[in-house]
Amino acid sequence: MTDPAQLTAWQDRLNATPFAAWLGLALEGCDDTGIIMRLRSRPEILGSPSTGALHGGILATLIDTGASYAVMLRTERSVATIDMRVDFHRPGQSSEYRIEGNAIKIGHTVSTGEARVIDSEGKLVASGRAVFMNVER
Amino acid sequence: MTDPAQLTAWQDRLNATPFAAWLGLALEGCDDTGIIMRLRSRPEILGSPSTGALHGGILATLIDTGASYAVMLRTERSVATIDMRVDFHRPGQSSEYRIEGNAIKIGHTVSTGEARVIDSEGKLVASGRAVFMNVER
Amino acid sequence: MTDPAQLTAWQDRLNATPFAAWLGLALEGCDDTGIIMRLRSRPEILGSPSTGALHGGILATLIDTGASYAVMLRTERSVATIDMRVDFHRPGQSSEYRIEGNAIKIGHTVSTGEARVIDSEGKLVASGRAVFMNVER
Amino acid sequence: MTDPAQLTAWQDRLNATPFAAWLGLALEGCDDTGIIMRLRSRPEILGSPSTGALHGGILATLIDTGASYAVMLRTERSVATIDMRVDFHRPGQSSEYRIEGNAIKIGHTVSTGEARVIDSEGKLVASGRAVFMNVER
(Lines give C-alpha, C1' and ligand atoms only; values in the text may rest on other atoms or scores of the structure.)
Protein backbone atom coordinates (compact mmCIF):
# COMPACT_ATOMS: atom_id res chain seq x y z
CA MET A 1 0.00 0.00 0.00
CA THR A 2 1.30 3.40 -0.98
CA ASP A 3 2.21 5.97 1.68
CA PRO A 4 1.12 9.36 0.18
CA ALA A 5 4.05 11.27 1.73
CA GLN A 6 6.50 8.76 0.32
CA LEU A 7 4.83 8.99 -3.11
CA THR A 8 5.18 12.78 -3.10
CA ALA A 9 8.84 12.56 -2.07
CA TRP A 10 9.67 10.15 -4.90
CA GLN A 11 7.66 12.16 -7.44
CA ASP A 12 9.68 15.24 -6.41
CA ARG A 13 12.84 13.30 -7.03
CA LEU A 14 11.57 12.20 -10.45
CA ASN A 15 10.68 15.82 -11.27
CA ALA A 16 14.23 16.89 -10.36
CA THR A 17 15.58 14.56 -13.11
CA PRO A 18 15.44 16.73 -16.24
CA PHE A 19 14.66 13.99 -18.80
CA ALA A 20 12.04 12.28 -16.57
CA ALA A 21 10.41 15.69 -15.97
CA TRP A 22 10.39 16.48 -19.71
CA LEU A 23 8.73 13.10 -20.37
CA GLY A 24 6.18 13.86 -17.67
CA LEU A 25 6.64 10.56 -15.86
CA ALA A 26 4.08 10.25 -13.05
CA LEU A 27 4.44 7.99 -10.04
CA GLU A 28 1.19 6.17 -9.30
CA GLY A 29 2.05 3.89 -6.45
CA CYS A 30 4.97 2.43 -4.58
CA ASP A 31 5.63 0.09 -1.71
CA ASP A 32 8.28 -2.44 -0.75
CA THR A 33 7.15 -4.82 -3.47
CA GLY A 34 7.54 -2.39 -6.35
CA ILE A 35 6.60 0.79 -8.12
CA ILE A 36 4.03 1.85 -10.72
CA MET A 37 4.47 4.84 -13.04
CA ARG A 38 2.48 6.27 -15.92
CA LEU A 39 3.57 7.98 -19.14
CA ARG A 40 1.39 9.86 -21.59
CA SER A 41 2.75 9.72 -25.12
CA ARG A 42 3.73 12.89 -26.99
CA PRO A 43 4.69 13.43 -30.63
CA GLU A 44 8.41 14.02 -29.98
CA ILE A 45 8.98 10.56 -28.47
CA LEU A 46 7.83 8.44 -31.41
CA GLY A 47 10.32 6.35 -33.28
CA SER A 48 8.72 5.29 -36.49
CA PRO A 49 7.57 7.80 -39.07
CA SER A 50 5.19 5.24 -40.60
CA THR A 51 3.66 3.40 -37.65
CA GLY A 52 3.78 6.07 -34.96
CA ALA A 53 5.29 3.61 -32.48
CA LEU A 54 7.13 4.79 -29.39
CA HIS A 55 10.93 5.05 -29.89
CA GLY A 56 12.96 2.15 -28.48
CA GLY A 57 15.14 4.60 -26.56
CA ILE A 58 12.05 5.86 -24.72
CA LEU A 59 11.08 2.30 -23.81
CA ALA A 60 14.65 1.80 -22.53
CA THR A 61 14.29 4.98 -20.47
CA LEU A 62 11.09 3.61 -18.90
CA ILE A 63 12.75 0.26 -18.07
CA ASP A 64 15.77 2.02 -16.52
CA THR A 65 13.57 4.37 -14.51
CA GLY A 66 11.11 1.71 -13.32
CA ALA A 67 13.86 -0.70 -12.29
CA SER A 68 16.02 1.94 -10.58
CA TYR A 69 13.17 3.43 -8.54
CA ALA A 70 12.10 -0.05 -7.43
CA VAL A 71 15.65 -0.68 -6.19
CA MET A 72 15.99 2.76 -4.54
CA LEU A 73 12.70 2.27 -2.69
CA ARG A 74 14.21 -0.81 -1.09
CA THR A 75 17.74 0.46 -0.44
CA GLU A 76 16.93 4.10 0.38
CA ARG A 77 20.21 4.85 -1.37
CA SER A 78 20.86 6.24 -4.82
CA VAL A 79 21.97 4.16 -7.82
CA ALA A 80 24.23 4.39 -10.85
CA THR A 81 23.19 2.07 -13.69
CA ILE A 82 25.97 -0.39 -14.57
CA ASP A 83 24.14 -2.02 -17.47
CA MET A 84 20.64 -2.44 -18.84
CA ARG A 85 18.96 -4.94 -21.18
CA VAL A 86 15.63 -4.35 -22.90
CA ASP A 87 13.38 -6.79 -24.78
CA PHE A 88 10.97 -5.19 -27.24
CA HIS A 89 7.86 -7.34 -27.50
CA ARG A 90 5.51 -5.31 -29.70
CA PRO A 91 5.25 -1.74 -31.03
CA GLY A 92 4.03 0.78 -28.45
CA GLN A 93 1.07 2.54 -30.04
CA SER A 94 -0.95 3.69 -27.02
CA SER A 95 -1.56 7.21 -25.83
CA GLU A 96 -0.65 6.07 -22.32
CA TYR A 97 1.64 3.45 -20.76
CA ARG A 98 1.90 1.82 -17.36
CA ILE A 99 5.39 1.03 -16.06
CA GLU A 100 5.84 -1.60 -13.32
CA GLY A 101 9.19 -1.90 -11.59
CA ASN A 102 10.45 -4.53 -9.11
CA ALA A 103 13.68 -5.34 -7.33
CA ILE A 104 15.09 -8.78 -8.17
CA LYS A 105 18.06 -8.81 -5.79
CA ILE A 106 19.32 -6.18 -3.33
CA GLY A 107 23.03 -6.55 -2.62
CA HIS A 108 25.59 -4.57 -0.63
CA THR A 109 27.39 -3.13 -3.65
CA VAL A 110 25.23 -4.11 -6.60
CA SER A 111 21.45 -4.56 -7.00
CA THR A 112 19.30 -5.90 -9.84
CA GLY A 113 15.88 -4.59 -10.88
CA GLU A 114 13.36 -5.28 -13.61
CA ALA A 115 10.51 -3.40 -15.25
CA ARG A 116 7.66 -3.88 -17.69
CA VAL A 117 5.96 -1.37 -20.00
CA ILE A 118 2.28 -2.14 -20.61
CA ASP A 119 0.01 -0.40 -23.10
CA SER A 120 -3.54 0.81 -22.48
CA GLU A 121 -4.96 -2.56 -23.61
CA GLY A 122 -2.86 -4.38 -21.01
CA LYS A 123 -0.38 -5.76 -23.54
CA LEU A 124 3.32 -6.10 -22.73
CA VAL A 125 5.24 -3.69 -24.98
CA ALA A 126 8.73 -4.03 -23.50
CA SER A 127 10.40 -5.57 -20.48
CA GLY A 128 13.92 -5.64 -19.17
CA ARG A 129 16.44 -5.53 -16.41
CA ALA A 130 19.24 -3.38 -15.13
CA VAL A 131 22.09 -3.82 -12.69
CA PHE A 132 22.86 -0.89 -10.41
CA MET A 133 25.73 0.20 -8.22
CA ASN A 134 24.30 1.29 -4.88
CA VAL A 135 25.72 4.74 -4.09
CA GLU A 136 25.26 7.19 -1.23
CA ARG A 137 23.10 10.16 -2.16
CA MET B 1 34.62 6.78 -47.50
CA THR B 2 31.30 8.54 -47.28
CA ASP B 3 29.17 9.08 -50.39
CA PRO B 4 27.54 12.55 -49.88
CA ALA B 5 24.27 11.52 -51.57
CA GLN B 6 24.02 8.46 -49.35
CA LEU B 7 24.75 10.59 -46.28
CA THR B 8 21.95 13.00 -47.17
CA ALA B 9 19.51 10.14 -47.75
CA TRP B 10 20.23 8.59 -44.35
CA GLN B 11 20.11 11.98 -42.59
CA ASP B 12 16.66 12.51 -44.16
CA ARG B 13 15.59 9.18 -42.76
CA LEU B 14 16.91 10.13 -39.32
CA ASN B 15 15.06 13.46 -39.52
CA ALA B 16 11.83 11.58 -40.30
CA THR B 17 12.14 9.75 -36.95
CA PRO B 18 10.48 12.12 -34.48
CA PHE B 19 12.64 11.38 -31.41
CA ALA B 20 15.93 11.39 -33.39
CA ALA B 21 14.90 14.70 -34.96
CA TRP B 22 14.02 16.19 -31.57
CA LEU B 23 17.43 15.11 -30.26
CA GLY B 24 19.07 16.71 -33.30
CA LEU B 25 21.12 13.62 -34.19
CA ALA B 26 23.49 14.44 -37.05
CA LEU B 27 25.04 11.87 -39.37
CA GLU B 28 28.71 12.60 -39.95
CA GLY B 29 29.90 9.72 -42.06
CA CYS B 30 28.92 6.28 -43.21
CA ASP B 31 30.26 3.48 -45.33
CA ASP B 32 30.12 -0.31 -45.38
CA THR B 33 32.28 -0.52 -42.27
CA GLY B 34 30.08 1.61 -40.06
CA ILE B 35 28.48 4.92 -39.24
CA ILE B 36 29.40 8.03 -37.25
CA MET B 37 26.83 10.40 -35.70
CA ARG B 38 27.05 13.42 -33.47
CA LEU B 39 24.78 14.69 -30.69
CA ARG B 40 24.89 18.07 -28.99
CA SER B 41 23.64 17.94 -25.42
CA ARG B 42 20.60 19.95 -24.32
CA PRO B 43 19.19 20.58 -20.83
CA GLU B 44 16.13 18.33 -21.25
CA ILE B 45 18.17 15.16 -21.79
CA LEU B 46 20.15 15.20 -18.55
CA GLY B 47 19.55 12.51 -15.98
CA SER B 48 21.14 13.64 -12.79
CA PRO B 49 20.03 16.77 -11.01
CA SER B 50 23.34 16.99 -9.13
CA THR B 51 26.01 16.02 -11.69
CA GLY B 52 24.38 17.14 -14.92
CA ALA B 53 25.16 13.79 -16.56
CA LEU B 54 23.32 12.60 -19.66
CA HIS B 55 20.31 10.36 -18.87
CA GLY B 56 20.91 6.62 -19.32
CA GLY B 57 17.86 6.37 -21.57
CA ILE B 58 19.44 8.89 -23.95
CA LEU B 59 22.63 6.83 -24.05
CA ALA B 60 20.48 3.77 -24.80
CA THR B 61 18.80 5.72 -27.60
CA LEU B 62 22.22 6.53 -29.10
CA ILE B 63 23.34 2.87 -28.92
CA ASP B 64 20.09 1.68 -30.54
CA THR B 65 20.32 4.31 -33.30
CA GLY B 66 24.04 3.81 -34.01
CA ALA B 67 23.73 0.02 -34.14
CA SER B 68 20.53 0.00 -36.23
CA TYR B 69 21.83 2.44 -38.85
CA ALA B 70 25.07 0.46 -39.16
CA VAL B 71 23.00 -2.67 -39.85
CA MET B 72 20.58 -0.91 -42.25
CA LEU B 73 23.50 0.51 -44.24
CA ARG B 74 24.63 -3.05 -44.87
CA THR B 75 21.27 -4.69 -45.48
CA GLU B 76 19.48 -1.81 -47.23
CA ARG B 77 16.40 -3.08 -45.42
CA SER B 78 14.66 -1.67 -42.38
CA VAL B 79 14.94 -3.14 -38.86
CA ALA B 80 12.84 -3.73 -35.77
CA THR B 81 14.88 -3.96 -32.56
CA ILE B 82 14.41 -7.33 -30.84
CA ASP B 83 16.56 -6.51 -27.82
CA MET B 84 19.28 -4.11 -26.73
CA ARG B 85 21.97 -4.16 -24.02
CA VAL B 86 23.86 -1.09 -22.85
CA ASP B 87 26.96 -0.82 -20.64
CA PHE B 88 27.41 2.52 -18.90
CA HIS B 89 31.13 3.17 -18.43
CA ARG B 90 31.27 6.73 -17.03
CA PRO B 91 28.95 9.74 -16.66
CA GLY B 92 28.40 11.67 -19.89
CA GLN B 93 29.23 15.27 -19.08
CA SER B 94 30.24 16.69 -22.47
CA SER B 95 28.43 19.26 -24.56
CA GLU B 96 28.88 16.98 -27.57
CA TYR B 97 29.09 13.22 -28.19
CA ARG B 98 30.34 11.08 -31.06
CA ILE B 99 28.42 7.86 -31.75
CA GLU B 100 30.13 5.06 -33.71
CA GLY B 101 28.04 2.15 -34.98
CA ASN B 102 29.12 -1.14 -36.59
CA ALA B 103 27.47 -4.32 -37.80
CA ILE B 104 28.66 -7.47 -36.00
CA LYS B 105 26.72 -10.06 -38.00
CA ILE B 106 24.29 -9.68 -40.88
CA GLY B 107 21.87 -12.61 -41.09
CA HIS B 108 18.87 -13.44 -43.27
CA THR B 109 16.27 -12.90 -40.56
CA VAL B 110 18.22 -11.39 -37.67
CA SER B 111 21.26 -9.07 -37.54
CA THR B 112 23.47 -7.86 -34.68
CA GLY B 113 25.00 -4.40 -34.35
CA GLU B 114 27.05 -2.52 -31.78
CA ALA B 115 27.72 1.13 -30.96
CA ARG B 116 29.89 3.31 -28.74
CA VAL B 117 29.23 6.77 -27.31
CA ILE B 118 32.39 8.85 -26.90
CA ASP B 119 32.65 12.21 -25.15
CA SER B 120 34.50 15.30 -26.39
CA GLU B 121 37.69 14.17 -24.62
CA GLY B 122 37.64 10.85 -26.47
CA LYS B 123 36.51 8.85 -23.45
CA LEU B 124 34.10 5.92 -23.78
CA VAL B 125 30.84 6.87 -22.01
CA ALA B 126 28.66 3.90 -23.01
CA SER B 127 28.75 0.96 -25.39
CA GLY B 128 26.33 -1.76 -26.28
CA ARG B 129 24.69 -4.07 -28.73
CA ALA B 130 21.33 -4.75 -30.22
CA VAL B 131 19.74 -7.58 -32.17
CA PHE B 132 17.43 -6.62 -35.02
CA MET B 133 14.80 -8.33 -37.11
CA ASN B 134 15.44 -7.43 -40.74
CA VAL B 135 12.17 -6.18 -42.25
CA GLU B 136 11.17 -4.86 -45.65
CA ARG B 137 10.70 -1.10 -45.72
CA MET C 1 -0.52 -29.62 -13.44
CA THR C 2 1.98 -31.94 -15.05
CA ASP C 3 0.87 -34.57 -17.54
CA PRO C 4 3.17 -37.60 -16.89
CA ALA C 5 3.33 -38.61 -20.58
CA GLN C 6 4.30 -35.08 -21.54
CA LEU C 7 6.94 -35.01 -18.79
CA THR C 8 8.47 -38.25 -20.10
CA ALA C 9 8.49 -36.95 -23.68
CA TRP C 10 10.31 -33.75 -22.68
CA GLN C 11 12.76 -35.64 -20.45
CA ASP C 12 13.56 -37.89 -23.44
CA ARG C 13 14.26 -34.80 -25.47
CA LEU C 14 16.53 -33.43 -22.74
CA ASN C 15 18.36 -36.76 -22.58
CA ALA C 16 18.94 -36.61 -26.33
CA THR C 17 20.87 -33.34 -25.87
CA PRO C 18 24.42 -34.49 -25.08
CA PHE C 19 25.43 -31.68 -22.69
CA ALA C 20 22.10 -31.74 -20.79
CA ALA C 21 22.40 -35.53 -20.48
CA TRP C 22 25.99 -35.26 -19.21
CA LEU C 23 24.83 -32.71 -16.62
CA GLY C 24 22.03 -35.06 -15.59
CA LEU C 25 19.30 -32.43 -15.85
CA ALA C 26 16.01 -33.85 -14.59
CA LEU C 27 12.59 -32.48 -15.49
CA GLU C 28 10.34 -32.27 -12.43
CA GLY C 29 7.21 -30.67 -13.71
CA CYS C 30 5.81 -28.75 -16.63
CA ASP C 31 2.59 -27.16 -17.75
CA ASP C 32 1.51 -24.16 -19.79
CA THR C 33 2.72 -21.78 -17.12
CA GLY C 34 6.29 -23.04 -16.98
CA ILE C 35 8.78 -25.76 -16.27
CA ILE C 36 10.77 -27.00 -13.27
CA MET C 37 14.07 -28.89 -13.53
CA ARG C 38 16.59 -30.15 -11.02
CA LEU C 39 20.39 -30.43 -11.19
CA ARG C 40 22.66 -32.28 -8.79
CA SER C 41 26.11 -30.73 -8.58
CA ARG C 42 29.22 -32.68 -9.56
CA PRO C 43 32.92 -31.85 -9.14
CA GLU C 44 33.60 -31.13 -12.83
CA ILE C 45 31.12 -28.25 -13.03
CA LEU C 46 32.60 -26.04 -10.30
CA GLY C 47 34.16 -22.74 -11.22
CA SER C 48 36.14 -21.56 -8.29
CA PRO C 49 39.07 -23.53 -6.94
CA SER C 50 38.81 -21.77 -3.56
CA THR C 51 35.07 -21.49 -2.89
CA GLY C 52 33.75 -24.53 -4.72
CA ALA C 53 31.04 -22.42 -6.37
CA LEU C 54 29.24 -23.58 -9.51
CA HIS C 55 30.84 -22.25 -12.74
CA GLY C 56 29.06 -19.27 -14.34
CA GLY C 57 28.88 -21.12 -17.64
CA ILE C 58 26.89 -23.89 -15.96
CA LEU C 59 24.46 -21.33 -14.54
CA ALA C 60 24.15 -19.87 -18.05
CA THR C 61 23.42 -23.38 -19.37
CA LEU C 62 20.62 -23.77 -16.79
CA ILE C 63 19.09 -20.40 -17.71
CA ASP C 64 19.20 -21.21 -21.44
CA THR C 65 17.71 -24.66 -20.89
CA GLY C 66 14.98 -23.52 -18.48
CA ALA C 67 13.92 -20.62 -20.68
CA SER C 68 14.01 -22.60 -23.94
CA TYR C 69 11.97 -25.53 -22.61
CA ALA C 70 9.39 -23.13 -21.18
CA VAL C 71 9.04 -21.55 -24.64
CA MET C 72 8.96 -24.90 -26.49
CA LEU C 73 6.23 -26.20 -24.16
CA ARG C 74 4.07 -23.31 -25.32
CA THR C 75 4.95 -23.26 -29.01
CA GLU C 76 5.38 -27.02 -29.57
CA ARG C 77 8.12 -25.99 -31.99
CA SER C 78 11.88 -26.10 -31.58
CA VAL C 79 14.04 -23.04 -30.87
CA ALA C 80 17.45 -21.61 -31.73
CA THR C 81 18.79 -19.21 -29.10
CA ILE C 82 19.42 -15.74 -30.58
CA ASP C 83 20.86 -14.23 -27.43
CA MET C 84 20.95 -14.81 -23.68
CA ARG C 85 21.61 -12.63 -20.65
CA VAL C 86 22.41 -13.94 -17.18
CA ASP C 87 22.55 -12.13 -13.83
CA PHE C 88 24.64 -13.83 -11.16
CA HIS C 89 23.19 -13.01 -7.75
CA ARG C 90 25.26 -15.12 -5.33
CA PRO C 91 27.71 -18.05 -5.49
CA GLY C 92 26.05 -21.43 -6.08
CA GLN C 93 27.28 -23.70 -3.30
CA SER C 94 24.49 -26.27 -3.01
CA SER C 95 24.58 -29.92 -3.84
CA GLU C 96 21.31 -29.48 -5.72
CA TYR C 97 19.58 -26.70 -7.67
CA ARG C 98 16.03 -26.05 -8.79
CA ILE C 99 15.56 -24.36 -12.18
CA GLU C 100 12.28 -22.58 -12.96
CA GLY C 101 11.55 -21.48 -16.52
CA ASN C 102 8.73 -19.33 -17.90
CA ALA C 103 7.75 -17.85 -21.24
CA ILE C 104 7.57 -14.05 -21.27
CA LYS C 105 6.30 -13.53 -24.81
CA ILE C 106 5.47 -16.02 -27.55
CA GLY C 107 5.72 -14.46 -31.00
CA HIS C 108 5.40 -15.78 -34.55
CA THR C 109 9.12 -15.62 -35.36
CA VAL C 110 10.76 -14.79 -32.06
CA SER C 111 9.91 -15.70 -28.44
CA THR C 112 11.32 -14.59 -25.09
CA GLY C 113 11.77 -16.77 -22.01
CA GLU C 114 13.24 -16.39 -18.54
CA ALA C 115 14.59 -18.71 -15.87
CA ARG C 116 15.79 -18.72 -12.28
CA VAL C 117 18.30 -20.99 -10.54
CA ILE C 118 17.53 -21.53 -6.84
CA ASP C 119 19.75 -23.27 -4.32
CA SER C 120 18.67 -25.85 -1.74
CA GLU C 121 18.01 -23.10 0.83
CA GLY C 122 15.60 -21.38 -1.56
CA LYS C 123 18.01 -18.55 -2.40
CA LEU C 124 18.18 -17.07 -5.90
CA VAL C 125 21.61 -17.90 -7.35
CA ALA C 126 21.14 -16.67 -10.92
CA SER C 127 18.36 -15.46 -13.19
CA GLY C 128 18.17 -14.41 -16.77
CA ARG C 129 16.47 -14.27 -20.11
CA ALA C 130 16.91 -15.46 -23.62
CA VAL C 131 15.39 -14.64 -26.98
CA PHE C 132 14.69 -17.54 -29.31
CA MET C 133 13.96 -17.99 -32.99
CA ASN C 134 11.02 -20.38 -33.31
CA VAL C 135 12.00 -23.10 -35.78
CA GLU C 136 10.25 -26.19 -37.13
CA ARG C 137 11.58 -29.41 -35.62
CA MET D 1 53.66 -10.30 -27.32
CA THR D 2 53.19 -13.17 -24.92
CA ASP D 3 55.52 -13.64 -21.97
CA PRO D 4 55.94 -17.46 -21.61
CA ALA D 5 56.14 -17.36 -17.79
CA GLN D 6 52.94 -15.30 -17.65
CA LEU D 7 51.24 -17.71 -20.06
CA THR D 8 52.16 -20.68 -17.85
CA ALA D 9 50.93 -18.90 -14.73
CA TRP D 10 47.53 -18.13 -16.29
CA GLN D 11 47.22 -21.65 -17.75
CA ASP D 12 47.85 -23.01 -14.23
CA ARG D 13 45.05 -20.81 -12.96
CA LEU D 14 42.73 -22.06 -15.72
CA ASN D 15 43.64 -25.66 -14.87
CA ALA D 16 42.74 -25.01 -11.23
CA THR D 17 39.18 -24.13 -12.31
CA PRO D 18 37.41 -27.51 -12.42
CA PHE D 19 35.03 -26.83 -15.32
CA ALA D 20 37.70 -25.10 -17.46
CA ALA D 21 40.05 -28.02 -16.80
CA TRP D 22 37.36 -30.56 -17.74
CA LEU D 23 36.75 -28.64 -20.99
CA GLY D 24 40.49 -28.65 -21.67
CA LEU D 25 40.68 -24.92 -22.33
CA ALA D 26 44.20 -24.01 -23.52
CA LEU D 27 45.70 -20.54 -23.33
CA GLU D 28 47.52 -19.65 -26.54
CA GLY D 29 48.63 -16.11 -26.03
CA CYS D 30 48.07 -13.12 -23.81
CA ASP D 31 49.28 -9.57 -23.44
CA ASP D 32 47.85 -6.24 -22.32
CA THR D 33 45.62 -6.04 -25.38
CA GLY D 34 43.87 -9.36 -24.84
CA ILE D 35 43.92 -13.11 -24.61
CA ILE D 36 43.58 -16.05 -27.00
CA MET D 37 42.40 -19.51 -25.96
CA ARG D 38 41.64 -22.71 -27.80
CA LEU D 39 39.01 -25.41 -27.20
CA ARG D 40 38.81 -28.82 -28.85
CA SER D 41 35.26 -30.10 -29.08
CA ARG D 42 34.19 -33.31 -27.36
CA PRO D 43 30.94 -35.32 -27.60
CA GLU D 44 29.62 -34.34 -24.16
CA ILE D 45 29.47 -30.61 -24.94
CA LEU D 46 27.18 -30.74 -27.95
CA GLY D 47 23.73 -29.26 -27.75
CA SER D 48 21.77 -30.51 -30.66
CA PRO D 49 21.09 -34.18 -31.18
CA SER D 50 20.44 -33.60 -34.89
CA THR D 51 23.05 -31.06 -36.00
CA GLY D 52 25.88 -31.83 -33.61
CA ALA D 53 26.29 -28.15 -32.79
CA LEU D 54 28.07 -26.98 -29.64
CA HIS D 55 25.69 -26.32 -26.71
CA GLY D 56 24.86 -22.65 -26.09
CA GLY D 57 25.90 -23.00 -22.46
CA ILE D 58 29.39 -24.02 -23.59
CA LEU D 59 29.58 -20.96 -25.84
CA ALA D 60 28.50 -18.86 -22.84
CA THR D 61 31.26 -20.49 -20.78
CA LEU D 62 33.82 -19.54 -23.44
CA ILE D 63 32.60 -15.90 -23.55
CA ASP D 64 32.70 -15.64 -19.74
CA THR D 65 36.17 -17.18 -19.56
CA GLY D 66 37.65 -15.16 -22.43
CA ALA D 67 36.26 -11.86 -21.13
CA SER D 68 37.20 -12.50 -17.49
CA TYR D 69 40.81 -13.51 -18.24
CA ALA D 70 41.23 -10.44 -20.48
CA VAL D 71 40.10 -8.26 -17.56
CA MET D 72 42.21 -10.10 -14.95
CA LEU D 73 45.32 -9.74 -17.15
CA ARG D 74 44.86 -5.99 -16.96
CA THR D 75 43.83 -5.64 -13.32
CA GLU D 76 45.99 -8.41 -11.80
CA ARG D 77 43.04 -8.93 -9.46
CA SER D 78 40.39 -11.63 -9.45
CA VAL D 79 36.80 -11.14 -10.69
CA ALA D 80 33.26 -12.20 -9.88
CA THR D 81 30.90 -12.06 -12.87
CA ILE D 82 27.97 -9.69 -12.25
CA ASP D 83 26.20 -10.39 -15.54
CA MET D 84 26.89 -11.78 -18.98
CA ARG D 85 25.23 -11.45 -22.39
CA VAL D 86 25.87 -13.75 -25.32
CA ASP D 87 24.89 -13.41 -28.99
CA PHE D 88 24.73 -16.67 -30.93
CA HIS D 89 25.58 -15.97 -34.58
CA ARG D 90 25.73 -19.44 -36.17
CA PRO D 91 25.88 -23.09 -35.05
CA GLY D 92 29.32 -24.17 -33.81
CA GLN D 93 30.18 -27.28 -35.81
CA SER D 94 34.00 -27.27 -35.73
CA SER D 95 36.31 -29.70 -33.99
CA GLU D 96 38.23 -26.71 -32.63
CA TYR D 97 37.44 -23.13 -31.61
CA ARG D 98 39.51 -20.01 -31.04
CA ILE D 99 38.40 -17.68 -28.24
CA GLU D 100 39.54 -14.04 -28.26
CA GLY D 101 39.00 -11.91 -25.15
CA ASN D 102 39.48 -8.16 -24.64
CA ALA D 103 38.89 -5.65 -21.88
CA ILE D 104 36.44 -2.86 -22.81
CA LYS D 105 36.70 -0.78 -19.64
CA ILE D 106 38.72 -1.28 -16.47
CA GLY D 107 37.17 0.49 -13.49
CA HIS D 108 37.93 0.66 -9.77
CA THR D 109 34.99 -1.51 -8.67
CA VAL D 110 33.55 -2.86 -11.92
CA SER D 111 35.16 -3.82 -15.25
CA THR D 112 33.69 -4.81 -18.63
CA GLY D 113 35.13 -7.40 -21.01
CA GLU D 114 34.14 -8.97 -24.31
CA ALA D 115 34.96 -12.17 -26.17
CA ARG D 116 34.42 -13.87 -29.51
CA VAL D 117 34.28 -17.57 -30.38
CA ILE D 118 35.57 -18.34 -33.88
CA ASP D 119 35.36 -21.68 -35.68
CA SER D 120 38.13 -23.39 -37.63
CA GLU D 121 37.02 -21.65 -40.86
CA GLY D 122 37.41 -18.24 -39.22
CA LYS D 123 33.66 -17.67 -38.86
CA LEU D 124 32.18 -15.90 -35.84
CA VAL D 125 30.07 -18.43 -33.90
CA ALA D 126 29.24 -16.36 -30.80
CA SER D 127 30.26 -13.09 -29.20
CA GLY D 128 29.35 -11.33 -26.01
CA ARG D 129 30.19 -9.27 -23.01
CA ALA D 130 30.31 -9.54 -19.27
CA VAL D 131 30.55 -7.12 -16.38
CA PHE D 132 32.79 -8.10 -13.48
CA MET D 133 33.28 -7.01 -9.90
CA ASN D 134 37.00 -6.62 -9.29
CA VAL D 135 37.88 -8.59 -6.15
CA GLU D 136 41.09 -9.26 -4.27
CA ARG D 137 42.42 -12.76 -4.76
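We call the chains A, B, C and D, going by the order they appear; numbering starts again at 1 in every chain.
The criterion applied here is as follows: a contact is a pair of C-beta atoms (placed from the backbone, for glycine too) under 8 Å apart; a residue touches a chain by one contact, two chains touch by 3 or more.
Bear in mind that the values here come from a model prediction, so they are computed numbers and not experimental data.
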Greatest separation from chain D - chain, by CA centre: A
Chain pair with more C-beta contacts, A-B versus A-D: A-B
Where chain A and chain B are represented by their mean Cα positions, the distance between them in whole Å: 22
CA centroid of chain B to CA centroid of chain D, Å: 28
Averaged-CA centre spacing for the pair chain D and chain A, given as whole angstrom: 34
Chain D, residues touching no fewer than two other chains: 82-83, 85, 87, 112, 131
Chain C partner contacts - residues on chain D that touch it in the complex: 16-20, 22, 43-49, 55-58, 60-62, 64-65, 80-88, 128
Residues of chain C defined as touching chain B within the complex: 82-83, 85, 109-110, 112, 131, 133
Residues of chain C defined as touching chain A within the complex: 85, 87, 89-90, 104-105, 107, 112, 124, 127, 129, 131
